[in-house]
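The chains carry the letters A, B and C, assigned in the order they are written, with residues numbered from 1 in each.
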Amino acid sequence: MDSPWDELTLAFSRTSMFPFFDIAHYLVSVMALKRQPGAAAVAWKNPLSSWFTAMLHCFGGGILSCVLLAEPPLRFLANNTNILLASSIWYIIFFCPRDLVSQGYSFLPVQLLAAGMKEVTRTWKIVGGVTYANSYYKNGWIVMIAIGWARGAGGTVITNFEQLVKGGWKPEADEWLKMSYPAKVTLLGSVIFTFQHMKLLAVSRHNLMFLYTMFLVATKITMMITETATVPFAPFEDTLSRMLFGWQQQFSSCEKKSETKSSFNGTGSSTSKPIAVASDTVKKKHTKKSE
Amino acid sequence: MDSPWDELTLAFSRTSMFPFFDIAHYLVSVMALKRQPGAAAVAWKNPLSSWFTAMLHCFGGGILSCVLLAEPPLRFLANNTNILLASSIWYIIFFCPRDLVSQGYSFLPVQLLAAGMKEVTRTWKIVGGVTYANSYYKNGWIVMIAIGWARGAGGTVITNFEQLVKGGWKPEADEWLKMSYPAKVTLLGSVIFTFQHMKLLAVSRHNLMFLYTMFLVATKITMMITETATVPFAPFEDTLSRMLFGWQQQFSSCEKKSETKSSFNGTGSSTSKPIAVASDTVKKKHTKKSE
Amino acid sequence: MDSPWDELTLAFSRTSMFPFFDIAHYLVSVMALKRQPGAAAVAWKNPLSSWFTAMLHCFGGGILSCVLLAEPPLRFLANNTNILLASSIWYIIFFCPRDLVSQGYSFLPVQLLAAGMKEVTRTWKIVGGVTYANSYYKNGWIVMIAIGWARGAGGTVITNFEQLVKGGWKPEADEWLKMSYPAKVTLLGSVIFTFQHMKLLAVSRHNLMFLYTMFLVATKITMMITETATVPFAPFEDTLSRMLFGWQQQFSSCEKKSETKSSFNGTGSSTSKPIAVASDTVKKKHTKKSE
């Protein structure tokens, strides 16, 4: 007989994302598109192009997952119900009289609610990706992590690629040095759910889904309210870096003579301790742009 | 007992594209490649690269359709007969003594005939794409429209992408605001044939193929003879825009305060009527470059 | 009863690439990555990104082959043993105390041995690609050549594309005019093995593998010792060019009036003979950067 906690988490894990959580996800995605400079003008001049970009924003993670598993990237277009829902939200957002939806979205409680519900869909996507990849490759835990990650946070790759092809995005070489917060938190979730799927974690999936989702929603709402990019990972990242890459102390003094370190900003001392490395990593996080 | 009209359209729809219509399509495609600056020099210096680009121009639509349906993009190379034909045409065009083929192609009747026959292949590609996508997704009418469109006019996407990777093409952000004439007419055809395939239009396929092809050929030849980019779509596009996006009147006055409208050229008045929107759309068409 | 020669070549063709030849291939690939400016800094700041780039360098040819045949590009991640081996080599190269591995690799005998063993893996990849493509398309000899080529030398396409997306690589339009030595020699091998597979060459596969590998290793080591980019292909390329494209003599005089030849450097004379063409090709090879 399950405890009330088990019943709660089990019922939570069986919640369908359609329609309310999906609506929140589409709302947040299309509003992010609308805030890009020139997006509204594109919607008037070439609605088809604007609609297509909005679809990429809404379904980008699934498209990337299809590309990586050699499935038809167009498959998302076959799900007529979700496409109709996302298209309606796109239409309402861009063509509502007096721009009512954007004005309604500018209230913080509305943004918090929508962002929180979107984070719930993130968990569902990660779990779906991990399970699906396991059906392809039985012991391919790296593939499971990758597909979970792609579904949960891969939309940015697709939308950035579309902008690259359109000429509206010039990738900066150092953008890839800093992983965004959604990318990090989705990778963490993907690793956790993969370990759970392979029976390496002694926790049931529905409990893990509930805990991870609460963590996602809490940190996201906290970050939005305090308007900072403080991430809770800094101490753990430093510890992990020191354990795995702790040789950098001796490493850096030899390397300085042979490598051009254009991306380094004055770490110069040969007596640099791991603390200097840690402070570099902490400095990096405070300048990371939120996504 | 079929009428003479039915017999004509039925015989027309059973015409094979191989070899004469295919030859015309390859001829127009490779001549378009040859007219690009530096193409002949590339053919001398690196014939393999030039041959590959020519193949992308000839088979680009099919390649894009394969990519979208997760089929081997190299599949077109397995059709040895067509590859041999296209390769021979590439070789003759680029390496003919005294450049005879280019000189022959410069006569307008030759261009009109080749362009007309190429437009016939467009219909066959659209119909093939719609039918093929239907075998993948039974009710996926959006997928059917997309694949019909990809096969009929998707070659430009593939060749532009190849140039992007090679460094010879810098995409302009506003290119995507204007859909080219072939893209529009292929989209229209794809929608029509999808509706016919799903029994929403009370016309047989062979009749529709004949009528649509005659429309394509007539407009293409008229545009080439009159040397204008006048398109017959402007009135219908205006009507459709006004019906679907007719709220823009109130919309634009609120939007002006919140959005940077860098791509707008002096529509500034808050009393802008749908006619101003229509005149913008008409102005856009007269400056569209023909393809 | 096989001759000693047959036994030798047969035993050679049955050698497994795992683990020693694979280790050499990963070593050479990751050292090539490490020598790029800024690579060590990326490894410190974002180890995950550096690890992913190293995996693309090690498995790029197989990834390209999967993309071309519409198989999951992530498939290489399912081979846990090879991924673990390549990851260990990446970790040791980038994070070894006092950079011991790079210093050890700077000795010429070590480089020669590793490069020689890497060339052996090239033969195995070409043969694997040709055989695999034949299982897809029975008579598709162009596909077989393409897949053999992709597996043997396609890694550069994948790594260049990754850099293009990251913003660290601007493709030069004339890079594609010059095929690198590995690309040429892999194409030659792919053609030879395809012909052998289709019974057009009266030589057994194991004999061909042995001879081709010896040719690869000998030319690679000679080029590294003499530190030149002299390629043994120049006379054959000239002969082939003259046979296939010998009309250029009359061709060039007509073309000069109609084409901008920005990539031509003063070939201007209308009495240019095929020898001028040959000297251009020879000049081109002496300036080709080695890979």
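Structural remarks
Please note the rule applied: a residue touches a chain if its C-beta (ideal position, glycine included) is under 8 Å from a C-beta of that chain, and two chains touch if they have at least 3 such contacts.
Listed by chain with UniProt protein names: A, B, C = Trimeric intracellular cation channel type B.
Values in this document were obtained by computation on a predicted structure and should not be read as measured data.
One copy, chain B, sits rotated relative to the other, chain C; on C-alpha atoms the angle is 120 degrees to the nearest 5.
At the interface between chain A and chain C, under half of the residue numbers involved are used by both copies, so each side presents largely different positions. Computed centre separation for the pair chain A/chain C is 36 angstrom, with centres defined by C-alpha atoms. Counting partner chains per residue, chain A shows two or more touched chains at residues 70. If you check the complex, the residues on chain B that touch chain C are 37-38, 40-42, 44-49, 66, 70-74, 77-78, 80, 83, 95-99, 102, 165-168. For chain C in complex with chain B, the touching residues are 67-70, 136-137, 139-143, 146-147, 160-161, 164, 170-173, 175-179, 187, 244-245, 247-248, 250-251, 254-255, 258-264, 277, 280, 284.
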